[in-house]
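First, the structure itself, so that you have it in front of you.
Read from first to last, the chains carry the letters A, B, C, D, E and F; within each, the first residue is number 1.
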Amino acid sequence: MANSKMSTDTMTDTENMLLWYRVNQFYNQETRALDDEDYETWFSMLSEDVQYWMPSRETLFRKDEQADTTKHMNHYNETLQTLQLRVARLYSGSAWAEDPRTRYRHIVSNVEVELGEQKGELKVRSNTLVYRNRLEREEYWLLAKREDILRDVDGRLQVARRKITPDFSSLLSKNLNVFL
Amino acid sequence: MLKSRGFDEVEELKKMIDLKDGRIDRRIFWEDWIYQLELEKLFAKSWLFVAHESQVAKPGDFLTTYMGQDNVIVSRHKDGKVHVFTNSCTHRGNRICFADRGKTRQFNCNYHGWAFGTDGALMGMHEESHYEGSIDKSKWGLQNARVEIYKGLVFACFDNDAPGLEDFLGDYRWYLDIVLDQTEEGTEFIGGCIKNLYNANWKFGAENFIGDSLHVGWTHDSGTKAMTAGGAVPEYMPVDPNSFHANANGHGWEGGIDGIGTLGIMSKGHPELIEYFQSQRDDMAKRLGDLRARKIFGSVISATVFPNFSFLPGISTMRTWLPKGPRQFELRAWTVVNKNMPDNIRDIIQNACMTSFSPSGLFEMDDGENWENATLSNEGVITRKQGLHYGLRVGTSRRDDPELPGNISRPMYSDVNQLAFYQRWLDFLAADSWDDIPKQR
Amino acid sequence: MLKSRGFDEVEELKKMIDLKDGRIDRRIFWEDWIYQLELEKLFAKSWLFVAHESQVAKPGDFLTTYMGQDNVIVSRHKDGKVHVFTNSCTHRGNRICFADRGKTRQFNCNYHGWAFGTDGALMGMHEESHYEGSIDKSKWGLQNARVEIYKGLVFACFDNDAPGLEDFLGDYRWYLDIVLDQTEEGTEFIGGCIKNLYNANWKFGAENFIGDSLHVGWTHDSGTKAMTAGGAVPEYMPVDPNSFHANANGHGWEGGIDGIGTLGIMSKGHPELIEYFQSQRDDMAKRLGDLRARKIFGSVISATVFPNFSFLPGISTMRTWLPKGPRQFELRAWTVVNKNMPDNIRDIIQNACMTSFSPSGLFEMDDGENWENATLSNEGVITRKQGLHYGLRVGTSRRDDPELPGNISRPMYSDVNQLAFYQRWLDFLAADSWDDIPKQR
Amino acid sequence: MANSKMSTDTMTDTENMLLWYRVNQFYNQETRALDDEDYETWFSMLSEDVQYWMPSRETLFRKDEQADTTKHMNHYNETLQTLQLRVARLYSGSAWAEDPRTRYRHIVSNVEVELGEQKGELKVRSNTLVYRNRLEREEYWLLAKREDILRDVDGRLQVARRKITPDFSSLLSKNLNVFL
Amino acid sequence: MLKSRGFDEVEELKKMIDLKDGRIDRRIFWEDWIYQLELEKLFAKSWLFVAHESQVAKPGDFLTTYMGQDNVIVSRHKDGKVHVFTNSCTHRGNRICFADRGKTRQFNCNYHGWAFGTDGALMGMHEESHYEGSIDKSKWGLQNARVEIYKGLVFACFDNDAPGLEDFLGDYRWYLDIVLDQTEEGTEFIGGCIKNLYNANWKFGAENFIGDSLHVGWTHDSGTKAMTAGGAVPEYMPVDPNSFHANANGHGWEGGIDGIGTLGIMSKGHPELIEYFQSQRDDMAKRLGDLRARKIFGSVISATVFPNFSFLPGISTMRTWLPKGPRQFELRAWTVVNKNMPDNIRDIIQNACMTSFSPSGLFEMDDGENWENATLSNEGVITRKQGLHYGLRVGTSRRDDPELPGNISRPMYSDVNQLAFYQRWLDFLAADSWDDIPKQR
Amino acid sequence: MANSKMSTDTMTDTENMLLWYRVNQFYNQETRALDDEDYETWFSMLSEDVQYWMPSRETLFRKDEQADTTKHMNHYNETLQTLQLRVARLYSGSAWAEDPRTRYRHIVSNVEVELGEQKGELKVRSNTLVYRNRLEREEYWLLAKREDILRDVDGRLQVARRKITPDFSSLLSKNLNVFL
């Protein structure tokens, strides 16, 4: 499988496949948690030291493009604590704009797995489509690339780092009330 | 646009704004013909914020933005001056520059290759020989707006009859200085821009920031609770009898004088931030005096420069509400800091600013649905005939103060600034030219 | 809205409706200015169906719907009365209630926390002390519409000059009773609401149900074949010379008198359903008489209450065509049953109703494309000038009948009811107030 | 694989993966049948006693939300017989509104498999995006969650039960002429 | 449409077109009221290309397209004649035929089953007996347009006062023949149609093809480089002083006389193509004469038949710009070949045509963004007031030539044809009927 | 796995699964290359003799529908050379309309693999959703079916033939500047 970059040669195809399968399961479980607003489960899938990062994008001439940096504006640049802060708002009992709830749907695809730098870490890339439907007829779409570092902690995977690269320059909705 | 509506627009508009009792007609948030007048009689005549100087620091730096719905390029020319000109080719009208920002020597149009300088001048054309000198290039440059800069903030205006920017800002400069003039080095924008779209009338954003402290305790109760781990509306949101609304020329400022309200929010989890600001008070006071440096700065404050530029001192967000039709606007937001701030303070401020006032921010997240539905509800012909209530402490709270420029009312929970905003709005829409626009003190 | 079109709208409209020859001008399905008049002169003046009492059975029960494009709350107040009021805050116009239905003690606005009762009254505000008693709350409640209930159906009207509901329905009540008054206990809606969106003019739905039996044999041939396992148009779709159109005040009923046509469809695969209905005929007859209980009920029937409430007796769907602009409407549909029906009968009815007349229904599925393209075709300026044919049996089929109230024509395949609908429509659009609206018998 | 809920511990990862792979194949085949209007194949993938259910959704305050029930309005509440009835309409030769055909595309993702209560049954959850394009320029989108009971009958999988939870409250099209 | 704009439209329009200096007002690409006039006074009055005869070769063959925004069916009737009629049912206005093309004996409306012949005549109705002979079917057929065919190209017109097609084309036929009359057998369309949507005003497409050689060297530099493996603007894009603009009656042709420019592009990688064309020159010359057969044909040429039909001789694309509102159009494009061409030549031409001028084509790919932004920029009220430059070689390049019909200017790089197009456009919009439309030679 | 058509019986489920996994990896890598405009990598994944074909679709009565043919109008009917020509345009330095870049996102799903006629060839079917976001607010969607012949060349997969069947009749954008 010369054109799979996903692993060292010390692993067999079957091992690689099992790994890929396992990561898919992990994402499917995560997706369900996010679709269902089951944030307790979601937090349990994030590492204590998770960096959850979604930089904003600008429309630039190719010559002016630069690597993303958290110094630039971010939609999210979160730790587990600040993520919990955001969810605390939702459960504060007075997040009026979240009741009735938003109908979310995450479509995760194109999962690519390779071994990470650190032992027990995986580098995973995926694409995601997030659909939001709200109230009578509001519809919003978010498409993005996700680049994760997953960590194996006692046989459980956790997101240690996630970078979400959105495909928009101007967010086409009144807010960003969803995680990707 | 041609007058063709078969009724007296100005008379109709005057009936829509009742300053005495504080009533506003819902149609100003809905009707197409009113929006068209806004573009032609307000946005095409007023000074408008277009950039911070730091965004175009060096010659060749540029960005693109909108004045009304006119896309413009803001660029620093080699003469060191900031130029603002329409971003549409004088040949056949194609847009010239498609980047949000960047650095360039010139702007080439994609269609036929006309080339314009960073001052908007027509420099040449692809295969120019075809023109056989028949074009006087000096007549075919991009249309420049007047540009004036107030302590780093770049404003532009397409009306030659408009007074200067200092006149336009008037007494309001005293308040702007609280953000812009804390230090010798002045301010800068960091981290670029966040843009998002609201299906709402642009004025809801502007009026919310000019004086709507009332909504904070309710709309943002969830964000506040989250910030304070479940506490009720926190102590740093007091109803201080000395808190005030100030307005001048339609620009408005509302806030407290406890000097600490906003710093409390911003420094949550970051004590070094509040320490830093306290350590700056003495120097600030040398420039701004005790009242502004010690009592006003740091309080919960929100402000709007007429018509569509708003900011939150302390929170450090500056933003403009770009109209996209009567029922849609785009918000563009930046973070402003003092140039002399250390990196760790900048990082804390930028993160706190994003966490509270970005589309995913704990506070901002809840505003949009209010504004969108306050707009959309007016689709109903029965609903649209109902007057709205802008009467909070109207006619009872005027408390002018020798220490505070502009029209002062107390406490800050009132609709006084909103009405001053709509009074100014009416001044523009009722006027045929700047001669007819009264000077509102 | 301001008159500003520079021509005599009413004169123009009168030319569009030719009742004698049965011709309708396509512009009534297309033009923005006509739609605006519909909102202001028809939907804002007419009685409109808003709910079934059973949807708001207990105090605190509420639902939200539209009268024209005005969103309204229908709620049962603690006084036991059903109230209907605009769903837009009197403070700054935000929408107040975002749920389709529910149960509540009050409605709190998300923006500044004004609180309204289940009767629309302003009960209080968040941080009310700011108002220092300056507001007379009794003047800032939500705008209530007039509400009257006819045998379970809740209607509302925003015009105080309108006659009462009984007057508005007039002779048509005799037909409504065939559905509403079969039993002492009366009817109820079950299973909630299905909503879907059509890019078509709302009148196509209303006119289709008021008298368009002609389309059934063609548009619904596929559904009929499926239902009858490939048979041709089934025997229960006869051209009975005694089948009839009845209309009064613009409301219309068309159908047969075989007493069995619809029951045949509904009980397909469920003989117990037809048995049940037959077993009810005697009791029905005690209330409705033999003609209605044994000959009319059970026939293929469709009906529209002017302007936009339609229903199919037997099929048991009730629905309203909510206008969303000249070229879009939302359909909201419910299933109606008698309160005293056993559970198994209710289930059969609900499923049969969904299988035939929901967006995925075997019959309804084919209507939408017709209505959307009958609307969209009018984008063409040549096409839009063509008159449409509403002349089927016009002027030849009048057959008044002492036993049948209203204007009767026979057989049911005609455009008589549609024209009565458009005559009423013109009455409203030509009138400045209810005084000018003739009573159509 | 502690954070995969998909099976009992009596199965190895490889067995679970094979199962997941098999279900994916099944859905891919089903999707193709639906995209291609090959209803004969589709019916062969449904059990005799299939319950095909798509409840309608309302926009409600969180406190008023209740479990779905077929007593509530449904977009679909079908048996194999009624599904065949619907397809009979399409093939009646007079389904004018279906000629020219609608262009369908189903994107199925996030497939999660676990063993069902009954022996030989699987509980499967997936997300789906259905795109419809019709005539000159009509475009409609449907997003939904699918919860299936699949049954193994002599080595062939069949859908024994499907619940489709759509992400809309008001259907944004003139009809629902597609299966999910 | 009713006049109701409260100002003199024609006076206003005349100010927008300055033929002397070559200035055009941006509003003609933006304003709704101008677009409405285009539909009513231009597209409803002018001859419009609707099909190539080969698309409806046999009786029963049909296709659907638009005249303005009126959808029409083009079909070959059993009498062998091509008929063009509105595709909207005379009963209730539903669209009748939903296919792009096909073969049929009649057109049945889906709603109530009215049936129309391939000549648009009403043939019958489902359950016709209901009408009891009350309908004169001859009065309820679909509205036929006038149809005339010029050497394979089918044109239609909804105005009975219009002159014949030959008059309408006038001297321009001499140029059309260069494509249409190379052979005895004539031309045909192959491979069907490609459609795509632009958010731009339709006139940008028409004017680009009528005379905008200036944009080629810049907009299409990338495509040209790719085609020529990185060379600069290639030799086959010369500024030949003998290249010319020709226009007549608002129709325009621009191109060279080197006889080889376009063949160079087309035969890249396919020498057999150029060989083929050279081998045809003698036969062509017998029909067209040396000038057209040897010097004009094969050159880089682009052309537009007023108002919205364009083509590229050699490249072999023909296309029509269908208006969908002031800011949107749909492009429909076909490939045209000579009937007597061998298969391998047809394949090469079709592929080359797609590779260069389809939505994914190396050249066409770059035009859309220019046209969309030349339209959208006019959303700005300041921008919209700027006049556009159409002054290239205006008033200096007139070079009438006894050998070339029509108005000739040289060289081809000028705005002369564009201005002739807008002069004709103004002739139509200023006229109340064909009597007022001057004959432009 | 009677209702998987994907292979001959000479292959075990595990072998089939490995094959499917391998094809998924291949597509994920290809998708990343296309999303990232890494055309060098993409070309390396196409065979020398690749036929890359995207016919245009018309809206026709069912009775008039015919099999697609390259004789009919095509959006793409490309060889490796003409694909390179198109990319050459992008990199010509004067593709003004491609600077700033378009933001692309490909979602590939429903991958079905079976053995091809030729030894070492695979027949693969997949669905794809392509999202384009450009400049301030332009959004375009493309949905399509992909039918591929993949060829195994010394353990590396390559696309030998791709047919893309789009779900639109009128392309709802000003151009088609993306590969599917």
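Keep in mind that, in the parts below, contacts are C-beta pairs under 8 Å (C-beta built on N, C-alpha and C of every residue); 3 or more make two chains touch, one makes a residue touch a chain.
Computed from a predicted structure; not experimentally measured.
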Distance-wise, how many Å sit between the C-alpha centres of subunit A and subunit B, to the nearest whole number?
-> 34
CA centroids of subunit B and subunit F: separation to the nearest Å works out as 47
For subunit D, residues that touch 2 or more chains besides their own = 14, 17, 59-61, 96-97, 99-100, 107, 109, 129, 135, 137, 169-170, 172
Spell out, as numbers or ranges, the residues of subunit B touching 2 or more other chains.
-> 5-6, 98-99, 110, 197, 219, 366, 369-370
What kind of graph do the touching chains make: line, ring, star, complete, other?
-> other
Here the pairs of chains that touch are A-B, A-C, A-D, A-F, B-C, B-E, B-F, C-D, C-E, D-E, D-F, E-F
Inside the complex, what are the residues of subunit C that reach subunit E?
-> 5-7, 12, 26, 29, 212, 214-215, 217-219, 239, 366, 369-370, 373-383, 386, 388-389, 391-393, 396, 413-414
Of all residues in subunit A, those that touch subunit F in their complex | 1-6, 13-14, 16-17, 20, 57, 59-62, 107, 109-112, 125, 127, 129, 141, 143-145, 167-170, 172
So, in the complex, the side of subunit A touching subunit C is made of residues 96-97, 99-100, 135, 137
Of all residues in subunit F, which touch subunit E in the complex?
-> 56, 58-61, 63-64, 71-77, 82, 85-86, 88-90, 92-97, 169-177
Flag every residue of subunit E that touches subunit C in the complex, lowest number first.
-> 1-6, 39-40, 43-44, 66-71, 86-95, 98, 110-113, 126-127, 130-132, 134-135, 140, 143, 158
